[in-house]
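Each structure below is given as structure tokens.
First subunit A sits with subunit B, and in the next complex the same chain sits with subunit C.
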Partner chain A sequence: MANSVNISIEAPIENQIQEITYDGQEIYQAPLSMSENLARLAQKIDFSKTEDEFCNIKKEGESSSDTKSDEDNKDQSYQSSLWPWDSVRNKLRSALTEVSVLADVLNIAKEKRYMVLDPVQPEKVESRPMVQVYGRKKALSAAAAVLQAGMERLRASETMRMARNMPDFHIDLLRLRQNWRLKKVSNTIIGDLSYRTAGSKFSQTGVFEVTKAPEEQIAQAMSMNTGGPPPSALRVTVPPELQGVAFISVLCQKEQEEVVTATLSASALSCTAGEGELHWQQRLEAAQNVLFCKELFARLAAEAVQLDASIPHMVVGNQIMATVLPGIQLLIGLCHNNGQTNANANVEGVKTEGSSSSGKSDHDHVLEHSLHQLLRAVHHANTHHPFPHPATGPLGPSKRRCLAGPMAADRYELLDMSKEQSLLEQIIQQAQHFFMRRRSEYVLDTIAKEVKDPLIVSHWNALNSPTQSCVKINIMAHGYDAVCRTSLVVHVGEKTLKCICRDGKVRHLSYELQELRDLIYCQIYQHQMTAVQAVGRCMGWQLLASSAHLGSGPVEPLGNASSCLLASPNGDRMIAIRCEPSVGIQVFIAQSPRKDFFSSELVQDKKWENLGGAFKEIKLDKMEGKNFLNKMELLMACLSSPS
Partner chain B sequence: MSANAAPITATDSLSQALKANIIPNQEYLLQGSVLDSAVEVLLHRLRGLCDNVDAGPETFDDQEVCFSLRDPNHHQAPPLMLRVRKALDARDMPFQLRYIGQPDLGDKNRPTVVRSSLDIACSGMLIEFLNELGCRIEFEYSVKGYMFRKGRMKITVAKVFKISQNSMPPEPISQSYLVELSVLAPQGQDAIGEDMRAFADQLRPLVQLDKIDYKRLGHMSVS
Partner chain C sequence: MGVTVLQQYPVPENKTGTYVVELLTKRILALGATQQGQFLVDCESYLSHPLMGTTKTVHILHNSEQPASVFSILESGTKNIHVIADGLFDLLMMKLSQHYTSKKQTKIESKGPRFELGDFCVKLGSVTMNQNFKGILIEVEYRPCVMANAVWGLLREFLQGLLGPTVPVQPPQHLISRMNEIYTPIDTIYQYLEHFSAYRKTTGMRTT
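Take a look at the complex of A and B:
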């Protein structure tokens, strides 16, 4: 509370700064010397002002000559700036002359012999009050006439409106103003329906005009639909190029030989005929949509021409063709139905084919919505630049850009920051991902249908992005899912798949279906092998040997053969399992004291029968059991003998 | 793929940038103040006038420390003032080192104050570095308020606080908010001053934004 604060007072910098160098040094102007200072002050004296104050009897001729001489003096001071006292001397001399003349006149007038000073009465101004009164009365009556004429008109339109119960122009205009931006320009009301304030930089303007609907039309409309809503008193005129309905059609299809394929049937676009029937809100919204679609298509077409893809994109008329994956094309078209004459004739540049009845049914609404969202995101980024933190920073640079300095970003990082993906690239990526996802789904579904023995369960993640999805695949046998379960995760990208298996191996697959299919089959057979070993453990059987990549036997076309050898709890039985992805599973059993041992001359001792017999193959398809694991469990059960 | 030509050195690109006059090193400024009781109305008006109506006004909370560097040989020369500003609400943004020059006393008819201003983003070691150079702390304060933008113009409505030593909340130095309208631009773009003056006129009579001459601050009438 009673803190004393030191206050230091110092005079501010007296010398003007002439220049600031880039290292922050300030160079001051040298202060003026005494004589320079005096000369500067003397130049500032304005002699014309002092003359007017003292001499009231100045005639206009003399004052103009003074101003002329002032100008001369100014010119002179520009020319002879070496001697600033010249103008001062001239001024003083002329002042002296004037004062001497004045002194002489006063002396002569004081003597009263040759000159006398007399007071003069000012002239009286005649007052004419009646003229003023008449003038004011005339002006007021003119003003009253104007006001009365306006009032008569308003009263007439009001009574007419009340009589016929017609819609009010001003109320309708208020409603229009609540939804759209209007401006009054001289006599007309102009509105703007473009996305310019939302961040669009499209050059086409969306200007519409609002006028009063003629009364006959309103009366006619009211008499025609008595039950419906009353027509509005406004009429909006939309520019002709924005009339009608438009949408962007996005189609993914197999590659066709013809360059231009017709995709739109004229009946796909519905447009109510007639200008007067559509409410102004619908008409304005339709026009705004047309403008948006035009901007979107113009941007995509420009990008298609500029982008350097391996297979170049083609722009033909109102269609853009881009190759998404080998054999798959993406067709983006602008469909605009002007609706002026009959709908059939005005579909621009498209001929209908009988075979391609796909039309609007194949049109991908999701990708169209994505395109709309992408353009809106571009608009948003145009207006919402990040604010600087701290507040005195420059407006504009993003956070990464601000950090580029202190974090010592190199040239390549800076260039990367400035690159951004175009709309066409983004939509192509989304289309690619859509295809990859559909293909992966198809592969998994077919495998699940084909392979019944271990069950293939796939869980697709509910949360995904337009360019990435995730699926978790569980391979398990019915009834044995607690014993052994193999799972793997597949990340579906735009053109590649990434499989992460439980053992930690990450495999990157391309867009070919066959690779995923092969991988799943290999995983299935690996699962069988590990599951059998797990079941054996449960049953008490011992694992003698196992090999995941067996080198014996014929070369496998797909993957590697794997095998394992199990021994019963008391060691007298053995099961050998060989698993091959292309052939299937083969099971062999052997028992330890050989049943077919007969002593011969070479091998005489009886003890050699314990070495174990030959392996005999089991016909798995004749065995009882729901699935392979069940069969193995039953086999192990019946081979385990109590001892 | 053609091989890259010899890469442009940093000094070359810097001298090119200097010649092309694209470095924003001038600040055009108009300042004013409003009492605490009147600031809500001003904020409403600014929300209506400025860009980005959908998002709320951006708040900021900064702390500024002012250093001075004296030349040991020339004691009479005025010291070099440097300001270090950090954002307390965005800790991951870099510190800002700022040099503000004296206002350009050129034309009396210029609508705004024009002064040289250089902003450099620095890492957190800045204060130690300045101490090593020999700078001494002159004063410090904290600023908290709202930021708006309209095109290139930036408008801040903020309250200045004194930094207290212990962990007490900072106390304001006055019952009013400081309003600043500024544009950072390269040299020679004087047309922006007219736009700023037009915008400032739209904010009258809520706040009067004017050129403030610091030397004559003592003689200014309170109106």
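Take a look at the complex of A and C:
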């Protein structure tokens, strides 16, 4: 702190200027001492004021007002200049006098000998009870008249209803209120049947109006049906665009067929009986269903236009066309019959009369159901946000997206999260899976039919998802299933198959089912080879050689030829088996040494016969035995005998 | 997310930062890399109010590789505490401006092109503080691996090949103690903070 600067602090000039001399010098009044200041302040107290006002003593300005007040009470200050506390003393004294007088009065009053205090009666307000009574009576009677008139009307209508056995409007309204959203707008009752409250964001409203049915109609309806449930006194009016019956038709078809022949069950559309006879509950439900179908279709159509698939989806009128697999199309149509005219602007190709006899429609109820389910899931997701969501955080993003920040997800993961499958994509995937499953079922069944010798048993898992299922295939021979069985699992996906074989190898196959067919044929022949070896082991035969992929012979169209060589327990006989998927199984036997030996010029000693002789083919189809393994067992048993 | 190593590249005398970035870009393109957009890592530091006791520093960092996250590191004497939050954390810091005041003049960022070369991801960042060029930071990420120990040799070789023999390549200070642990995005952020702090301390261009 070498070069610190001294700062002097002084109070601002508060003293009054007494005099300014001609040379400009100001002469200040000496500041008031403590006691003088107190006296000055005490003088300012106005004792005559009440306590409230007492608190806020007026603060007088120091400059101008002071000089003014100085002039005002010049004489006072002149007097008080003798003793500054004079006015204060005078005021305190008068106050003391007043207080002592009050104390005296109280004392006298307390004694009750000389003075009695009487309560003073306040002046009474003049009241006229009769006027009030009349006024109230009039008001009450007016209210009673209103109530009575209403009751009379109710009673009259009730008696009339009872007399004619009419249904009660109010009971019906109560029932309606229990199941539907209603509100009263001026004189009408308006209801809402849209799925807004359930999470729908569809723009079309579902407003309906509730009115009382005219009595003549009820009476007429009652006279019409005597046995059925009583007609309702309610009538609901649904907007014309929601009237009638609607459903989403889903069909899958081959491309070769003409698109126009897509037939819809006309019976479903024409099932609407007379509109008037329907109960309001059914009418509202039907209208709600129409609204739902419209929302579903509008959404699908918007998605179909937005999605850019390799083969673009087509939206024509009330129909969406999407290619599921090459050659197979998915048609989604909105069928709406609004009950007024059957032939107005419905789905193109709906032939209500002509084609109803041409056969059943291929309408896929499962896919239709999944479509409904998917939209309901969307509604549910709109209203049910994953917990916990912070009060300040945004609503809507998925749980994964909420955690993406704190978990420091990188841009690829975030991109991944932003991808959302649309309803159309999901339904196409389900349709694809449906076809894959049906095709693989067909392939497996035909193979099982074609190939009798090893039995092919396929078990489909009962539990599967809409886009994935699983089948386990067992290949075994009848009677030899304990000896050898080959099992493989096929996962059927949307466009691919995944086969997991016994050796643990995983093969991915495309939607072309020839691949699955070839794979299973290869598996069958592999099974035969391993099974023969297993049977040989049981019979005590010795495996000399085996090869799953034989290099010799003609080239196979699928897989390779395989072979194995077995020797009998005492080693004098051999069986060779060659298996080619295109030809089948060939079995050869050889014997060495031959029982009869004739020496020739080339082979002079019997020992050469031990080298093994020529193989001779066996005609398998002439052999006895239920199947290939049974034949082989018999053959081995026969060749094992020492004779 | 793999292991990332951040390396300071000394800018030679009489050369500008853009020259160095262009030089390195040429080298890496010659290796067969493809440019995949830009990247940006920025850091802003906040000081706690003196009335709250000892002054603490909070660093808020953003990395364009994790666009949804905000990284914050609280320096409290011996230990650093980090919090990874989502984007709303920035708004929270604005609300806390009474208690944590931002040191605007120390806002520092590293930005530049981003390259991908097989499993490697290389980012050439020019560091600027208040629009003043401070130096070059090179980030190399090897994506298939998450253990620094297992991949350090590979990364060093790659860096040596890219930067030339004149630049010494050492494992980052932050990684030395964590060589055998799983690498997480916050480790990258710590490395950036280390370098940014060094840049803030030096005036002018950083050479070592």
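Simple rule for what comes next: the second predicted complex is superposed on the first by the 429 of 643 C-alpha atoms of A that agree within 3 Å, B and C clash if a C-alpha of one lies under 4 Å from a C-alpha of the other, contacts with A are read in each partner's own complex, and residues count from 1 in each chain.
Keep in mind that, in the parts below, a contact is a pair of C-beta atoms (placed from the backbone, for glycine too) under 8 Å apart; a residue touches a chain by one contact, two chains touch by 3 or more.
Here the structure is a predicted model, which is why all the values come from computation and not from measurement.
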Field: Which of subunit B and subunit C A:Gln148 touches, first, second, both or neither
entry: neither
- request: Please indicate which partner A:Thr392 is in contact with in the superposed arrangement: first for subunit B, second for subunit C, both, or neither.
  value: both
Message: Just to be sure I read the superposition right, which of the two partners does A:Gln514 touch: subunit B = first, subunit C = second, or both, or neither?
response: neither
- prompt: When the two structures are laid over each other on chain A, which of subunit B and subunit C touches more residues of subunit A?
  reply: B
Query: If you stack the two complexes on chain A, which partner ends up touching A:Thr383: first (subunit B), second (subunit C), both, or neither?
result: first
Message: Touch test for A:Asp410: subunit B only (first), subunit C only (second), both, or neither?
response: second
- request: Residue by residue on subunit A, keep only those touching subunit B in one complex and subunit C in the other, then list them.
  value: 392-393, 402, 405-407, 411
- prompt: Along subunit B, where are the residues that touch subunit A in the complex?
  reply: 7, 24, 51-52, 55, 58, 60, 62, 64, 78, 80, 85-87, 89-90, 92-96, 98-99, 101-102, 105, 116, 119-123, 143, 145, 147, 149, 152, 154, 156, 158, 184, 214-215
Field: Interfacial residue positions of subunit A with respect to subunit B in the complex
entry: 12-13, 16-17, 20, 24-26, 383-385, 387-395, 399, 402-403, 405-407, 411
Field: Contact set on subunit A toward subunit C in their complex
entry: 392-393, 401-402, 404-411, 414
Field: Residues of subunit C that touch subunit A when the two form their complex
entry: 1, 64-71, 84-88, 184-186
